Each structure stands twice: as C-alpha cells, then as structure tokens.
Amino acid sequence: MNPLLIYRIVCKDLKSELRGKETINFMFLFSFISLLMFNFAADPFSPALTEVGPGLLWFVFIFTGMLGLSRAFIKEKETGTLEGLLLAPVSTEDILYAKTFYNLLLMLGIQLIAFPLFIVLFNYNIAGSALDAFIVLALGNIAFVVVGSFMSALVMNAKSRELVLQIIVLPLLLPVIILTIISLRKVMIAGVNLLSIGEVKLIVFYVAIMAVLASILFEYIVEE
Amino acid sequence: MNPLLIYRIVCKDLKSELRGKETINFMFLFSFISLLMFNFAADPFSPALTEVGPGLLWFVFIFTGMLGLSRAFIKEKETGTLEGLLLAPVSTEDILYAKTFYNLLLMLGIQLIAFPLFIVLFNYNIAGSALDAFIVLALGNIAFVVVGSFMSALVMNAKSRELVLQIIVLPLLLPVIILTIISLRKVMIAGVNLLSIGEVKLIVFYVAIMAVLASILFEYIVEE
Amino acid sequence: MKFERKHAQVFLGTLWIVVLAAMYKVLFGLGPLKEELLRYPGDPMRNGYKIFFFSMEAAAVTYIAFTVVLLGSAFYLKTKDMKWDRIASSSARLGLVFTTILLINGAIFSNLAWGAYWNWDPRQTSSLFLWFTLAAYLTLRGAVDGVETRARLSAVLGIFGFVGVPLTHISTTIWLSNHPALYDTAQSTGFSLDRSGLILFMTLMTSFLALYIYLLWLTVKIDSLEEGSQKVFSGEL
Amino acid sequence: MIRVEELSKRFNNFTALDGINLHIKSGESFALLGPNGAGKTTLIRILSTLLKPTSGRALLNNIDVTVEPEDAKRQIGVVSHNPYLYDELTALENLEFYAGLYESNPDIPELLKLVNLDSRAHDPVGNFSRGMKQRLSIARAILHDPKILLLDEPTSGLDHKSRNNFYTLVDRLKSRGKTILLTTHYLEEAAGLCENGVILKKGVVTSSVDLKAPQPVLEKIFEDMGR
Amino acid sequence: MIRVEELSKRFNNFTALDGINLHIKSGESFALLGPNGAGKTTLIRILSTLLKPTSGRALLNNIDVTVEPEDAKRQIGVVSHNPYLYDELTALENLEFYAGLYESNPDIPELLKLVNLDSRAHDPVGNFSRGMKQRLSIARAILHDPKILLLDEPTSGLDHKSRNNFYTLVDRLKSRGKTILLTTHYLEEAAGLCENGVILKKGVVTSSVDLKAPQPVLEKIFEDMGR
C-alpha cells in the first residue's frame, strides 16, 4: 500500500469529476429531489412516515450509491484508461483502495447533506441520538462502498465472465442493507443506544471481512 | 416513422442485451432488493404498510428505471455506435421510438415480475382489482419511459451524465409520479374502479403531450 | 471581464434586497389589518395577509419567467440566434430568484396559516418543483461544454420544463390542498381583494414586473458582453 | 459529386474549418491531406451529416446534407477510425443489422469473404483484433452500394495484405463510377488511389495537389505539409 | 533485454499465441510483424503485464512479468492504439498525473514540446484530434525514462511530420540504449527503425527477418506475409 499513490489517484478522480464544478451542486440537488419524492409515498405527517422513514432514508443512499459507484471502475474501463493505471507501477490493491476511498468521499459528502435535509424536511423526530443515526448510516455506507467498489470492478469484465458473477453483486450487499435498516430503525424509532445494537457490530465485522477478502481477491479481477 | 426500422433496432438491442443480460439482470435484482428492503423498512404486517404500499411499489419502478434506462442511449454514445445509426438513413425520431419502445419492454418485463412479487412479499391486500392496479402502474411506466428515454438522449453529451439525468427527469416526472400514486392508492386502498379515476385520464393526457414534444424536439438533440 | 460580471451581480443582488426591504417597509407601514383591504373569513393570520402581495407577485413573475424561457428556447431552436439563448438562460436565472422569493414568502405564509414552515401543501411542493426545474435547466447548462451544444440542449429542456407551470396552477384542484383560491365560491376558503387591495396588488405587480424586465435586460446584456469579450480573447490567440 | 461551398465550422471559439470550397466530380477520387488537427475529420463528419456546419453548404450528388440528410445518407458509405460495430453481436449479425437499416439486400457472406472474415462470421466482434474490426467496417460501409465513399484514414490498423486488398477493392469501386473522398497520412496511399487532392491546414485549403505528379515532387509536398 | 520462453495464450478455446520464443538483446530494436489477428497485440499486452499468459514465461531485464509485475512495469513504456488519456484533464494534467504514478520527476513542458503540443498544454484532451492524442500518448510513455519501449502500431493516426518526428525520437532513444519492440504494418517503418524482426502468424513465429536486407527482398517478405 502506497498512500501517496492512492492520494494521487483520488485527486485525479476528484479533479476530473469536479471539472464541471457543478458536480457537488448536482449531488446536493439530486439527494434533495429524491428525498422529496418520498413525500408522495405517504402523507407527510402520518405516523406511517415514522415507521418507514429510516428505510426511505437509507434507500436514497443505496440508490445514489448504485448510480455513482458503478461508474468509478466502469468508466475507466470503457475509456481505456484503466489499462493506463495498470501499466503504471501501482499495485492493483492501491487502485482498489483509491477507488473505494473516492467513492466513500462521495457517499459521505452526500450523507452530510442529505441526512440533515431529511430531518428538516420531514420534521422527523429521531428517538435516539442523531449522531448515532448518522454513524449507523455512515457505517452502512462504508460497507456499501467497500463491497460495491470491489464488485463494480468485478462486473467490469462481466461480458467474458459467467452470468453467475453479476447475480452475486447485489445479493452480497443484501446483508449490509438489511443490517443497516434494522440498526437505523433501532436508533431512529426505538431510541436504542448505538453501542448496544448488535447489528452494528455485525456491520463492522462484515466490512472487515469484505475489506480483507477484497484486497486479497482484487488482483484476480484485473488480470485477464 | 418506419415501423420496420424501429422493429429492427429494437431487435438488435434485445439481442445484444440478451447476450450479456447485464442491464436486465441488474434491473431485476435491484427491484427485487428494493422490495426486500422496504419489507424490512416497515413491519410487514403493520397498518402503515397499507398506507405506503402503493407509493413504495411505484418508487421501486421509478428508481429501477432510472438506473437501467439511462444506459440505452449512453451506451451507444460511448461505444460510438450511435454514429453508426445516425449514418444510416433512419430518421432520428425512429431511433428515439426504438429506444423508447425497448425501454418500455424492459420496464413492463420487470413490472410483470415485481408486481406479483410485491403482493406476495408484503401479503398486500389490494382493495380494488389487481388488474386495474397493474394497468395504472403500466401507464405510469409508459409515461416514465417516454420522458426518461428522451432525457437520457438529452444528457448524452453532458458531464456527469447519470447524475444530471436524475436531476432533470425527476422534476419533469413529478406530475406523473403524483398522478400515478394517487390513482394507485385509489385502486389499491380505496378500491375505486379504474375507469372512474380522473387522474388516469390526466396521465394519458400527459403522456400524449410529452410524446409529441419529444418527437418534435428529438432532432435537435442528436444534431451537433 | 469575469470581475465585471461578478461586480454587476453583487450590485444587482444588493439592489434587489434593498428594493425588497423598501417594499416590505411600505407594506408593513400600512399598519394593522384593515378589514376593508382584505377579507379572509375567520382570519387566523392577522397581519399575515400582507405577505400574500409578495407571494402572489413572485408567483406571477415566476410564471412569466417560465414563459420567457419557453419562448426563448423555442425561438432559439427555430433561429439558432444566440440572442434567444441568452434571453432564455437569463430568464431561468431570474426565475430561480423569484421562485426562491415565492418559496420563502410561501414558507412564512404557511407558518402563519398552517403552523409549519413546510406544510407539504401541493401548492408549496409544486412551487418547489418549479424551483427544481429551473435548477435542473441550469445544471444541464453547467454540464455541457460547447456554447452551441449547451444552447441547443438546454433549449429543448426549457420547452419541456414548462409543464411545471400548469401543474402548479392545477395542483390545488387535483391534490388535497389547504391553499385558498381567489374568488373561490366555497365560502370557507374564499379569499378576495376589495378595490384598494386590488390597487395595491396592481401597483406591486407592475413594480415586480418592471424589476424582472429590467434585470432580464441587464443579465442578457452582461452575457452578450462577456461572450463578445471571449471572442476577442480567442481571436488574439 | 461532392460540392462544398464556403463551409465553416466553429467549436465554441475554435474555428476548425474556415470557408472551405471544394468540387469533386462524380467518379473522381479525391484526397484530403493535411497535418493532425487540420480539420479533415471535421469536414468528413459534416459531409456524413454527423455534424452541422456553422455556415456554408455541402452537396452530395446535388443533395444538401443539411436540408435532406436522409437522402444524403443513402448516397454515402463511411469508413473511419470508429468502426461503428456492436461488440456483442457477431460479424454477420452486425452486417445484417446495418443492411436492415439501409433496407438493402446485399450478399453478406460474399461481403465477408471480400474482407477476408468469412471464417470469423459467427464470432462476436468484441473479440476481434483492431485490424479485423476495421476490415468489417469496410464491409459495413459498402453494403448498401453507395455512390460516394467517405474514407477517413480507412487503412489505419490494417495489415499489408488487407491494405492491398482494400486498394484493389477501391479500384474496383472506382471503376464502377463511385466518387471517393479519402483522408490519409500516407503518400503512397494518396498517390495510389487518388488523382487530385487538396491540402488542408488549420481549417483552410492551402493548396491543391496533382497526385499524378512524379514521386519526388509529391514527397517534397508531403515534407512541407507539416510546416 | 526481453526474453520470451514457450509463451502461450488461450482465450477460451481460441489459441492466440502458441509457444512463442524470442530473445531481444538490450539496446536492440526489434520488429514484430504479421497480419491482422496474428497475436502481436496479445504478446505486447502480456509483456506489459496487462494479460497473464496461459503458459510459458516472459522476462524484461531478467524480471519475470508474472512474478514481479510492479518491477516489470517500471522497465517499460507502452504506446498503443489506446492513448490511455483522461479526456476531462488537460494535456499537462494528464502527464502530471502519470508522472506522479511513476513517482518520477520529468520536465513536462519539455516533453510537450518534444511532441509539439506545448501550445495546447492547457486544453482538455477530449477536444484533441486523434493524431494529437497519439502524440501525447508518446510523451506519456517515455516520461519515466523506461529502459524498454513496447510500441504497438505507435504511428497509427500520426501525420507525416509527426511520424518523422517520432522516428527521430526513437532514434535518439535507441542511441541512449533503450530496447525497443515495435509492431507495425508498414515496411518502411520496420526497416527504418529496427534491425531484426520476426513474423508472427496465427500465434506462431513463422520466420525471422533481417530488416537490413535490401528493399526488394523485404518487399517480397511483406507481400508473402498475408498468405
């Protein structure tokens, strides 16, 4: 692992993403609009909202993530620049770390905007601590990004691979998705303290396993 | 309009999609997983579910569509084959119609699977006729696909295309989104008959306007 | 050249705030509720009504701004004359400002009348989507390189974007709403102006419109100057 | 017949083509020469209706490309750097698809044989080497028997033999009265295929070239082109 | 030094390379010739660590590409059909980024001048013409001063002058002791730049070529290559 190289790749990604300086605005607008959409699903002040609120909130991130993350590798693949990276003496893990880190930056950026917005817009009353809820979301996002980045590298070459591989991508994410929802509901509806939620530990555990697996297996993904 | 050419382009898209099945698999999985997620978002037997059910169901389509449809034009653009189509004596409208039709096939295919799945998963009790609910959903999907396909062509040349697409499409779709939810709730919760729902007529009206606008304006999108 | 534009924008912004403040001052100088000025049965809002004059004017200008975007876009596509693109895009930027004013006024109104700044009233929500539509239009402009491509693509979107206007207009009828209607037949939500109210309304309307037109003229001018200067620069290269 | 009148194309503030005039007679083979970035591809893209000119006009067999683009498209076959092929489809399927779009009925196996790909007809194009794609792209360009061929560096990536095959093919097409507009960076190619040509530089036609001139003269012209 | 031993590469059931043996001495310039689809790009991609061989091994300056890929990568500069450039970044930023990855500190303005792009340094690469990208790609390949250059049809898309500039550049690099492996479909290029070469056909080395042989002999060899 070479932090300097990782930093340089992340900078490059940020730079080419931010070329239209508007991207941050885009992200803001986007999370704003998709949050607003949910208003129409239920009467905004009905108790049903308290019920489904955490789920909807988390869904916005999954959806945003799906949109954004898959691009990180696929774009480099399609424009052929991934080979440029692979030609340079950067270890394949570092490429994975850089992409994961970049994705994480994006997701946390969106979270920083969308989470307060959600609370204000829906006048949502979090039963537990707002910080706890934020941390749970962030954990979910980390898990999502770690697995998602790795898997998006996997599907990159999907054409020549077996169909089965693609079908693994989303289901692999399923545990995190569900664990996060459960934890989020415990914090936001039942007001449970973060540290006493078993699911949170499971998420951390899951991230750890996935991260280790990903760094071991990544080199098999990029080789052809 | 040349139906034969449209048919040929749709066939080509279907054929190359079925080779890799990437988009289809992805869309199915995504809709499946979001349904599952919403299942965890609320206690499946709580009354809140009846309330928000129609809204959630419809969102699954909106978001699945968002993720999948954008590829129809963007992929042809990125691989350079869009120029191949434009070099052939096919009117630009026909290209639009073909892509719209293809997207519609995808969406209806997904609906055919996701709608029964929703009912089973949530054990949802539709107050009105299930067929009516299906038709309302299909109408909403048609509106969505008409606008979405057109807009995905519009953003083809933009930076951060995928994000921009969402930002553009969601406000434009707001009328259909609201109208579809209202109609869906009328059918699924209040048990109103399809033909006596005024909003359904409005949806049809909206689709018609959008379709006309789209076919008039499309040529301005592809010219450079 | 960039500096000049920034200065002009700061200047205009300040001007607008000053004008707005002056108008509020004038209106609130009217003193407490005069029954004859505005009839609102069971008036729960006391002086809150005054803000109606602003929200309604802002709404009207927003609609007008949308119409100008629509027309500018259509004419651009027809003639390919950049003038129309400048008019459309300037109108969109101004429309964003006026929609913001509408939303802020609306929120104040909503708090007075319904007890929450954001009430998810269809009028309120659809107005917000008007804002999003303009924001989307400007977003697209930001995301496309190339002056002509940008003009062309955003013109197409500008035409589509207009659907928000009729939607906002009918939103109260197709979706359950608390928003009152002018000259409503239903007594309970009826809301009407008498003669002096109407005069005040028309005066404000005229000044809002004048402001919009003036600002539109200014922004179009600034844009065309800026474009001209860019041409000079690249010519030198 | 290709006629270009006062054609200009500006990208933002960059002028890629600046008042081009050209007249290429029916059945003529014409070379468009010039250094990188001269505007050759831009001109060909305008002729093939992919780009709209900023001003001026372009006629293909008396059809204005901006006025009647669909008729214009039937007149032309385009080979460029981009093969316009679908990676997921096989060579055969690609040609069938394009034949369908042109509503013409070519002998596709024959076409595949012509570009020496008959043995790979059922392979997805995504697995082809660069040169194989380029060859298939040539078959794609002529399948509707167009009257005008726009060839933008058509031999890039082709091997020696395919290049010679391509030259023979072009000769055959010439003898069948096709009009040909070719861009190339190779003297032999220009001299071998075309009679006349022009040199484009920074969007302006700087001189016309008689490609039947003796080799040393041509070499001198090519040497000077980059200045 | 490049040493290839019994190297094979199979894609699914298609054998692209079949037991290749090559030895290229340090400082030698070597041409890899052969028709389209022969496996030239495949071999170069294996040497540049982008593909893993199915069997056999390949050494660059005694470093096995599959065993120590990162060390191997430092030895090589690759120019291929794909320029490996980011369209959103400017020419300068692209080079700076790659220099950062190689952790080397080249004189980037000098490099840009070398490929004649100093005036476009601050333009996003997306707006470049094909030939301009290719030139920038050459600068990218040599910015870390690699000992071995793998050039896969490096002049594709370059104009006459840039090609000559490129030849001069390669000559200069040769005189500085670089090892060069070149694929090309052009006889003059192979003969001008390389001393020795081999012909690859259907994944097998069919013969070796002395590129210092007289022109007619070489022409004959090229003619026969397609058979």
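A few notes on this one:
Think of it as A, B, C, D and E in the order they're written, each chain with its own count starting at 1.
The definition used in the following text is that a contact is a pair of C-beta atoms (placed from the backbone, for glycine too) under 8 Å apart; a residue touches a chain by one contact, two chains touch by 3 or more.
The structure presented is a predicted model; accordingly, all values stated were derived computationally and were not measured.
Between the chain pairs A-E and C-D, more C-beta pairs are in contact across A-E. Among the remaining chains, E is positioned farthest from subunit B, on the basis of C-alpha centroids.
With centres defined by CA atoms alone, the chain at the far end from subunit C is E. If you average the Cα atoms of subunit D and of subunit E, the two centres end up 28 Å apart.
Inter-chain spacing, taken between the CA centroids of subunit B and subunit E, is 47 Å.
Centroid to centroid, with C-alpha atoms defining each point, subunit B and subunit D lie 39 Å apart.
Within subunit B, contacts with two or more other chains are made by residues 20, 79, 159-160, 164, 167, 170-171, 178, 223-224. Residue positions of subunit C touching 2 or more other chains, listed in rising order: 129, 132, 135-136, 139, 143, 145-146.
Under the contact definition stated at the top, the residues of subunit D that touch 2 or more other chains are 11, 14, 87-88. Against subunit B, the residues of subunit D that register as touching in their complex are 48-52, 70-71, 73-74, 76, 78, 82-89, 93, 97-98, 100-103, 124, 140. Touching subunit D in their complex are the following residues of subunit E: 11, 14, 34-37, 41, 81, 127-132, 135, 153, 156-164, 185-187, 222-223, 225-227.
On the subunit A side of its complex with subunit E, the touching residues are 4-5, 8-9, 12, 15-16, 19, 79-81, 83-91, 223-224. In the complex of the two chains, the subunit C residues touching subunit B come out as 77, 126, 129, 132-133, 135-136, 139-140, 143-146, 149, 152-153, 155-157, 159-161, 163-164, 167, 174-175.
The residues of subunit A lying in touch with subunit C in their complex are 20-22, 25-26, 29, 32-33, 36, 39, 44-45, 120-121, 123.
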